[in-house]
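Two complexes, one shared chain (subunit A), two partners (subunit B, subunit C).
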Partner chain A sequence: MFARENKLTAWHLGVAMIALFIGGFFGPLQKLEYVGVNLYSTLNKIGIASYYQGLTLHAVLNALVWTTFFIVGFFTFTITRSLNKELTMPKLNAVGLITMIIGLIMAAIPILMNLATVLFTFYPPMKANPFFYIGLVLVVVGSWICGWGFYLTYFAWRKENPGVQTPIIALGSLITMVLWQIATLGVATELLVMVIPWSFGLVEGIDPQLARTFFWFTGHPLVYFWLLPAYVSWYGMMPKQAGGKLFSEPLARLVFWLFLALSVPVGLHHQYLDPGVPAGWKFLHGLLTYSLFLPSMLTAFNVVASLEIGGRNNGGTGLLGWVRALPWGDPSYAAQNLAMILFVFGGIGGLTNSSYNLNLVIHNTSWVPGHFHLTVGSAVTLTFFGILYWLVPKLSGKPLWNRKVALVQAWTWFAGMLLMGNGLHILGLNFGVPRRTMVGVAAYASDAWNPMLIEAAIGGIILGISGLLFYSNMIGTVLSKKRLEAPIEMPVAEAYDEHPAPAWLDNWKPWLAITVVLIVVAYGPILFDMIANANMTSPGFKVW
Partner chain B sequence: MEKKKYKVPQGTVAIMIIFILLIIALWGSAYLTMLSRGVTITP
Partner chain C sequence: MIHVDRSEKIYIIISVALIAVFFVAVAVSSFVYGIQVPLPESRVDPRTIATPAPGNFFGEPGLYEVGPGKYNAYIMSQIWSFTPREITVPVGSTVTFYVTSKDVQHGFRINETNVNMQIVPGEVSKLTVTFDEAREYDYICHEYCGVGHQTMAGKIIVTEQ
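Take a look at the complex of A and B:
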């Protein structure tokens, strides 16, 4: 049972890890450039033309490809195992995977040929080769197809199990997939209706403001598409790994529904600096952004309480003595717990970003990459590493190559990210050091920046070493000749309270209705106005 | 079914208090840094 699902999962994870390896390679180079070590001239020989081409590879492969492939693969595993049901149409999911891979290759070729050095946000009027955009569309469409395969499986399970509550791991995974499919309608519209016809020369101009608005319709919920799979593990699996139980399952369900409803209608807080967006709409989106604080804090409480149960079950006593009794020697657990700690700082930075006047100060500075390296680069990626420390042995049937190396990897990632994150935040906030910029050659660079540039560079180098440790373990595991002595099963946390959650927390209709209403209220009038007054006049620019 | 008695997760409550204080401190620090860098006054 589950042989096809395992194979599909392994393919997704394999592509994800290859993408992260290539994309991650450029990370330490960027930080070395900060301190005057410019290795890009060397990379010219292998076809990397500039810092900005490397930055595009880093961002697209890490933030879009690593995450999307990992998440779809992980959900292929979690949904089928949690429902204890094989995919009803595995060929559909295979078609989805193939579509994603074709899209990835199609998008990667223009980037590698320096025809799409438009960074992760690909803001018009920067204009890339059309196949870059088509490739991105195919990656997204492929992930949708995989999502449809999940829904069909869920519908079939529901028919066979009337009245049975959806297991929390499957529910969280499915909600995340629905969130993704709603959210990506924005970027799909931007690419299909505006950018691709423009990049082919079928229309002369584009409206950058409207394109950015469609982008950020997707861009903020994208953060939760990255984050919620980590929550699936934190809620559904980690309490079991810690020896505890999920403190409140109903609260966990509520959190996933709240993220579905609240993630999308907040995108304009990424456009506080856009002059074409009226202040009233920025205010509304700012308010809605703060509403995301609620499910975030509920998660902090519920997950820590679940771990406290584990720590106390393991013999921990006192107010905080149970923390030491958590299974810190298990690399899968340690990586995820360290990811949570880093996310504390990422979350606080997020609150700052959504504060209007503070955002105006830090928006175009290195504060922002500092922030998202603590979220997607830490809370998400380090959690995914922790998951892979049990999932790759599970799929390969081989024990993890070296647990100590895995532990060192988790801790070095933690330390490296703390240093780099701190350096980038301070550089942005205190000195206004710009992001998306080759700082090492900037004529306006100040000596006062040096201590934090050095700190960020040390952090980047440690992260590079940590990345190599991760890959040595993954390759060592897959190539190992040892076999598992006992099969590994997906860790599934039991609920602390065996009472079932209220029925309204297992009912899609009201939550989907609330989601649609909030999106219509928050985006309907402003999008209608922007579309009615669209200025499709800007030509394309190749600035690289 | 008899309702289960929850033990108050006291350690978690302590950690949440620390977390909230950290939010106030770090957000406040960013805010004060912003002010220290000067403000724009519209006449």
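Take a look at the complex of A and C:
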């Protein structure tokens, strides 16, 4: 059973890890550039023309490709195992995977040829080669197709199991996939209706303000598409790994539903400083963003309480003694717990970013990359590493190559991100150092920046080493000749509280209805107004 | 209903209260004390906005005095510079910045002030600030705008009265 699912998962994860390897390569280089060690003239020889071409690769491969491929692969595994049901149409999922890979190659070629040095936000009227955009669309469409394969499987399971509650791991995964499908309608519209015809020269002008609005319709829920798979593991698996139980299973379900309902109608919090969006709409999205803070607060309590149950089961006592009794020697566990700790800082920074006028202080400064390296670069990526520490042995049938190396990897990632995150935050907050800028040669650079630039660079180097440790473990595991002694199963946390979740927490209809209503209310009138008055005047520019 | 543990209930109430306090603080600071973000000002055609014409200040960007101690600064962004690159005002001046772009998107941030704006072709971004200290300020492009992005900046010189 599950042979095809395992194979599909392995392909997704494999592509994800290759993408992160290439993308991650530029991270330390960027940090070195910050402190005046410019290796880009050497990189010219292997065809990297500029800092910004490297940064485009870094962000596209890490933030878009590594995450999307990992998540779809992980869900292929979690949904089928959690429902204990094979995919009903595995061919559909294979088509999805192939579409994603074709899209990736199609987008990668123009980037590598320096025809799409537009960063991962590709704001028009900067104009890339059309195949860059088409490739991105295919990656997204491929992931939709995989999602449809999941839904068919779920419907079939539902028919066979009337009245049974959807297991939390499957439910969280499915909600995340639905969120993704709704969210990506924004960027799909931007690319298919506006950008692609314009990049082929079929239309002359584009409205950059409208394009940004479609982009950020997708851009915010995108971060929850990254984060929720980590939550699936934190709620559904980690309590088990810690020797505990899920403290409040019903509230965990509620959290996933709240994220579905609230993730999209908040996108304008990325556009607080845009000239073309009226105050009322910005403020409404600010309010809705604040309500998104609640499911994250619920998660903090629930997950920590679940781990505490584990720590106490393991013999930990006292106010904090249970923390030491957690399985810190298990790299999969340790990586994910460290990821959570970094997410606390990421979450607090996120609250600042989303606070309407406080955004003036940090918008587009290096605070922002500081923030999302703690979130997507740590909470998400380090959790995914933790998952891979059991999932790759599971799929390959071979034990993890070296557990000590894996532990060192988790702790060095933690330390490196603390240093780099702290440095980047302070540089942005205190000195206004701009984001995604070749800071080392900036005309306005100041000596006062140096201590924090150096701190961030040390962090970046530690992270580079940590990344190499991760890859040596993955390669070591896959190439090893050893076989697992006992098979590995997906860790599944039991519910602690015997009160079952009420039926409305296993019912899609009301939640989908709330989601659609909130989107229509928060985006309908402003988008209608922007489209009706579109300013399609901007020709394209190639500025690299 | 969902069964919720008592300690968790208390925690939820505190969380909601905390969010509400933050929210009210932000609302008061922006709408009572007027610390505002850029809001719709006017729309332009980026292909012609830099062409001098009667009434088009962006045709001749620069500092315009509009009253005692009050100025409008019209700033044009293009790859990879601002026009003008330098502005001099006496200390205590209140300056309203109008910024637009004739090519790609840019950013405009005056360090150590609350002036921070996204510059979008086709739109005019506007914010006002009072300079109370005689010193220099950098204004920096913070949105990636091509390979020369890191050179795009200007200076405000605030002189003693």
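Note that the second predicted complex is superposed on the first by the 543 of 544 C-alpha atoms of A that agree within 3 Å, B and C clash if a C-alpha of one lies under 4 Å from a C-alpha of the other, contacts with A are read in each partner's own complex, and residues count from 1 in each chain.
Heads up, the rule we're going with is that a contact is a pair of C-beta atoms (placed from the backbone, for glycine too) under 8 Å apart; a residue touches a chain by one contact, two chains touch by 3 or more.
In this text, all values refer to a predicted model and were calculated from it rather than measured experimentally.
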item: Greater subunit A contact set [subunit C / subunit B]; value: C
item: First, second, both or neither for A:L358, with subunit B first and subunit C second; value: both
item: First (subunit B), second (subunit C), both or neither touched by A:I348; value: first
item: First (subunit B), second (subunit C), both or neither touched by A:L320; value: first
item: First (subunit B), second (subunit C), both or neither touched by A:L39; value: neither
item: Touching partner for A:L505 - first (subunit B), second (subunit C), both, neither; value: second
item: Which of subunit B and subunit C A:L429 touches, first, second, both or neither; value: first
item: First, second, both or neither for A:D497, with subunit B first and subunit C second; value: both
item: Partner chain in contact with A:V304 - subunit B first, subunit C second, else both or neither; value: first
item: Intersection of subunit A interface sets (partners subunit B, subunit C); value: 247, 297, 301, 305, 351, 355, 357-358, 361, 497, 499
item: Partner subunit A, residues of subunit B touching it in the complex; value: 1, 3-4, 6, 9-12, 14-16, 19, 22-23, 26-27, 30-31, 33-34, 37
item: Subunit C contact footprint on subunit A (complex, rising order); value: 50, 52, 117, 119, 123, 125-126, 207-209, 212, 247-248, 250-251, 254, 271-279, 282-283, 286-287, 290-291, 293-294, 297-298, 301-302, 305, 351, 355-361, 363-365, 431-432, 434-439, 441-444, 497, 499, 501-502, 505, 535, 537-539, 541, 543-544
item: Residue ranges of subunit A touching subunit B (in the complex, touch as defined); value: 247, 297, 300-301, 304-305, 308-309, 311, 318-320, 322-323, 344-345, 348, 351-352, 355, 357-358, 361-362, 429-430, 496-499
item: Touch list for subunit C against partner subunit A, complex; value: 1-5, 8, 11-12, 15-16, 19, 22-23, 26-27, 29-30, 35-41, 43, 45-47, 79, 103-105, 107, 109, 111-112, 114-126, 138, 140-147, 149-151, 153
